[in-house]
């Protein structure tokens, strides 16, 4: 993309030169060597460091997208409140990725065309993230997603791909044995929302549960947007499961939990995933939420940080984050992780004129080198393929209308 | 003249005749045989008890009842204006929201879960709120988006309706927020009947929906067939100009039709909320689409057809996957396939339009 | 004073100037006929009087009351009913329902009942077919229905647009017999006809319209004798 | 001008303002919204107070009074409502539970009183008084302006004579816009503000749109050929000058142009309403994906098969698309009108659901990944620019094909079919053949678009093939002008290209899209650049009568 | 002369209604014949059976020695039968010329790929078709009106375009359904002459349905009378005119038929 070398910072750099100031150098090399060069971003004094973001503000799950976008904003706000990065403010350009690969292509190309974009947060959905990746890879812009949990999102081939969300495989490998061993369930039914996330997870859970020695007596999908799942549940009820595991999101999860009783599955346990965790589930399920199990990567360990976050979020946006969506902590952490990595990868100019040089390759490496960063979702450490999610799955149960952690597997 | 013998068509002609008329029947018979075969096979393998099927029939009827309330609105409007009111699902959604806020209010003053009377009044109040808001939405829709287009070719109001549908959906998203709004069933209607040991359970809301939709159908039938307004509606449906000659205020009749359809949708929205306990900005879309399908399945423009189509669609969705031994994800594939099949053999739906097929 | 007074009306279809200042009048108890070639504007004149079209210019008075100020559906309340071109029965409704719709503008139940009986008396065929769907009636029966339906409004003046079109000769005779009969019973009639011959036989007076303008206006008797009319509309040369 | 009119106009304007308030514009755009609202009131008064051309001009006093009424109603009404919301907020009632956008920010933007102050009891009345004052002023101003001769410009003249100056200006306009676009790229020039990327794209759109109108207007003969050549040259250089994002958006526009031309055959020419057009798009995309991606079921399960490249996959995908078109065509042959619409809609859903549910073969919701992108003689076209050029080439081929068909007896037969199916058949037209031909060519083009789409996206999912694609394509051919190919291009720009620019305005985009469809249908149902034939048909009913006659 | 069209025991039912009842009939090549009968007698329905809109439940229809009762409309047209309609059914938004070109459809031989390539055969054929369409337009006295939209033409002209369109398919048998409906006396007379000329010049066989007795009696060589779907009389105009059955069922006193005048 050579067509777009005339970005805003060129003009500013020129102004600085006109003012008769000293030409900045980086490790002896002059500014001109990096200015507009493909692999580098130069931030002029007073300019912000710019991030891009793709969030699903429209499409099937706009409430989650909005939650994530607001958390990004809060994250950026907090970084700046703490003094920014090496004296520069952080700025974020949030675009609507619409939970759709198609939209993401345009969004990603927009970021790729903008030489001042250093890194990208997002996307919200897996398809959207897949849409971002090839383009960002080509442009050497690293991204961190906070909610795309499909195992394929990170891989050895993709150097720019990272996530703070946990890989579904881990979630399934913890949850399934828990059901079999701790809860003593031997016959479960597995349901999914026929979405990329829900189905992927449901299949993994099925595999692990059977591997642990249990039986999956039914495997049924529902359709997002439907609100009456009684027919599917009736069919499941015929195979008399002790529990239903559901892979999907809160609205459908809540409705399934609520409708179980109406088909005679009142005694069966409802068990679900991190997409379901949150107040939204309890609201949707009503009384039926009581006793349901949900796994989620954030444990009580980070409770205090989260409380502070929740307060700030509500203050800023007028709604409690749990009412908005499940992924705010991870979204906030994505910004924190990027800020941390940029701080490590950026180089100030030799004379301290306030210029900042960020080598894209260095930033990509810096992200992967993240270690023990305390975030809202736990302690973040990235591995070689970009999985940075806090290292544990905890299991919660709804008791008296609130989530209570009942197990803390995988905690370091 | 008696020398005329039986037809001897050239082979190619004969083939095209076959193609034209008999292939449909042949394919139809084959498909039906295959389906029956499959059902028998599955029934042997799975051996669900009878109570299971009964239960699914109940599920299907309730689902169909909801579709019917929406489909009746589609059919009414179609019957008069020959336009597909694509935004009808959104009218339902608006009613659902109104019902939700009404419920919130009634809950906050303690009526929703108060005495049986208070609780019943809560439901009445919700229904009224939902119907009023839906009626307003429907009338405004007609006035702004459809009336200026009356007399234009069909595509034009269709596109306008699609536009209105997007507009309403995303307006709701913006105004009410993206988060789902969850109904809490008022106490009188919160509960289930268990039918002995059969395992069959009927929820109060389900029964409520089914009975209401039947009552609404009857009411509609009486309005359309017996009242003066109904006669005016049918006259307007046939010819607006001649209806005007009779002294019928065509605009008033059309507005009334929209209001009637919207009221049903509003009631449907509230009942959907009560039954499935959630309303969102896009809640109207899928039921709208299904109800539209149901209306066409039954024969669009025909009130009875809408009812039959809806119940059939509901039953198909509930029973189809089990009967064919497929996962429930396939329910919509089954439903749409049946739609296509039915229309192939009965191009104007099960009950059909009353129109004659006179061609020349 | 004339019962119906049309003064200088100009009516347009989009940009097409269909009526260019038509004036005519009909007196109480008369049969007046309007004849003219295809597209001359006969139907347009009737549609304008009955309110289906709004003239851009000109006035229409019925017993001194300006009709142009009423919307189309209120015209019938003023006492004007029309038998539209091509019959225009509601083909999916039954014969009886069609007739009931004719009385839509009235609410005097007893009178309506009596009126229905009168229509059935005039057209016994309709009573036989009361339950039949109108679309399946033959052309002649549909014409009877359209006429009967218009009479149900108890109009002061009845506008008839080509009631004989497409009918078998024997039915055409029947239609004209009916027109005379209705008129005898006291209904004023403005009759548009392609079949000028028959029309001029039953009418008191007649107007000839050509490309949106009235070109002749005389008693029926005189028009029949007029050589121009004879050659252009009566097929006599 | 009666007082009643003013009151009515006032309440309508108030309704619009409240709507804009409820969807959260003040919150999003901050205090500048007060001024914007006042401008809206001003414009609204101007338009509603302006007398209709036929009537005599309204006297100043009556217009002023009515302007005042509009101002007072909007001003007081809006202030009152805002005051109500503010009082609720001050008492800590959560208004956002019902109206999600009426937050503190919203109140602050309108009254200048922030949250803390509000809770401490600071009055919002001064802020609201100011607001009401603005509105009243705007209303009166609107009334005054109507009296100026310049405002008569708002009456668009009936038949403007096309002067030669106007003619040449029209021809020059695309080039002027293009020059403007070039000027943007000169260093130091900063005309479009910070969103210069979007601004540049808008200029490109305007340039192409102007070119489309000009091509239609230009006199036949040498003029036309020369002018068209210039336009082609211009279009060919555009991708060289635009950046990645702009090219990516233009690429998407191109894909929709290809599909639009295809659907235009089905709906515009043959008059068959197809609401499931996306099915063929999906068939093309998935066919290519299945036979090319190393991750696909076919390639994985056939040890000897390594997957085809783009050029080998393309014809297969297109042929399968055409076959799918015929397959859908056969059962729906006997159906008419709305039944056809719902069956095709159902068919589209069936295809999507099958892609979703036959997960062993299609990858289900996980889609098919790593689809190879096209290559031409070693040149990698797998980037926005390459895809755009490829899309333009395909669009040209498809256009050529379509025009040739349209001008043949087949084209005439389609028109006849649309006008009167029975009579068409009686003219010796084999309805089966020409309907299937329409479905097949429409489907083939959609499949072509689908193949290109898959190659562009690299990863495809069933969700990419939902109902809204069909709706978009249908809307764009109608907005553009049904039956015409220029119309398809313009429609794609308007409905696919423009919303992309607004991507950061998120939800408002779709609300605006919906409103646009409605307004467009009311004001100009034949679209911007209709074929003359369709324009005629659509104005058939446009009569000077209270209730139109159809026949 | 040989019979060009023969029908044997044709019966067409709609539900319980027998619209055409066991109707046998033949017309000679090059003749002009009429079918008359009361409204709803089944005349139009019979036309629809011949042209393949309806398939009769019983009976055979033979055209030029081949059976056609099971053919589709377009196939019937290709064999050489075309028709006009009781209420004019032109393609309203196409020009007069385009209407005629569509009528020519069944005589055009090129295949669509040729159109796409634009080869010589295609171009020649288009050119010839256009020339022939102009000729037809001239033949029906509408020269110069080819570019008018069909719906903007005067009624009489529309009738003639409809006939030209029918002629464009080079038919051997032309079916006219009430061609003079809605015309005044003079216009009908013109059309009658036109039809007679048409037969005389090109030898086309004409079968028409008509309620205007002046037209029917003046032009027909043979008249067949239908009532309730079956034939009640057949013969020369004079015979029919005096047939008491026909008078009772159809003609009446004769006042409305104009016969009085023509006799006077």
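The chains carry the letters A, B, C, D and E, assigned in the order they are written, with residues numbered from 1 in each.
Please note the rule applied: a contact is a pair of C-beta atoms (placed from the backbone, for glycine too) under 8 Å apart; a residue touches a chain by one contact, two chains touch by 3 or more.
Since we're looking at a predicted model, the values are computed, not measured.
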Statement: Ordered by label, the neighbours common to chain C and chain D are B, E
- prompt: Between chain pairs B-C and C-E, which one is joined by a greater number of C-beta pairs in contact?
  reply: C-E
- request: With chain centres defined as mean CA positions, report which chain is farthest from chain E.
  value: A
- prompt: Quick one: chain B and chain E, Cα centre-to-centre, how many Å?
  reply: 46
Statement: Rounded to the nearest Å, the gap between Cα centres of chain D and chain E is 48
Query: CA centre of chain A versus CA centre of chain C: separation in Å?
result: 76
Statement: So, in whole Å, the Cα centroid of chain A is separated from that of chain D by 32
Message: Residues touching two or more other chains, restricted to chain D: which are they?
response: 96, 356-357, 422, 507, 510, 537, 540, 547, 549
Task: Find every residue in chain A that makes contact with two or more other chains and list them.
output: 58, 62, 194, 221
Task: Would you mind listing the residues of chain C that make contact with two or more other chains?
output: 51-52, 71-72, 136
Query: Which residues, counting only chain D, touch chain A once they are in their complex?
result: 96, 103-104, 185, 187-188, 190, 194, 197, 240-249, 252, 356-357, 359, 364-367, 369, 383-384, 456-461, 463-464, 500, 503-504, 506-507, 509-510
Interfacial residue positions of chain B with respect to chain D in the complex: 16, 19-20, 24, 78, 82, 84, 101, 104, 144-145, 148-160, 162-171, 173-178, 240-241, 244, 250, 289, 292-293, 296, 300, 327, 329-330, 332-333, 336-337, 339-340, 343-344, 347-349, 359-360
Message: Considering only the defined contacts, which chain E positions touch chain D in the complex?
response: 51, 53, 72-74, 77-78, 82-83, 85, 89, 91-94, 98, 101-108, 110, 112, 115-116, 118, 122, 126, 129, 149, 151, 165, 169
Task: Would you mind writing out the residues of chain E in touch with chain C in their complex?
output: 17, 36-40, 86, 154-156, 178, 181-189, 211, 213-214, 249-258, 261
Chain D - residues contacting chain E, complex: 401, 404-405, 407-410, 412-413, 415-416, 419-420, 422-431, 437, 533, 536-537, 540
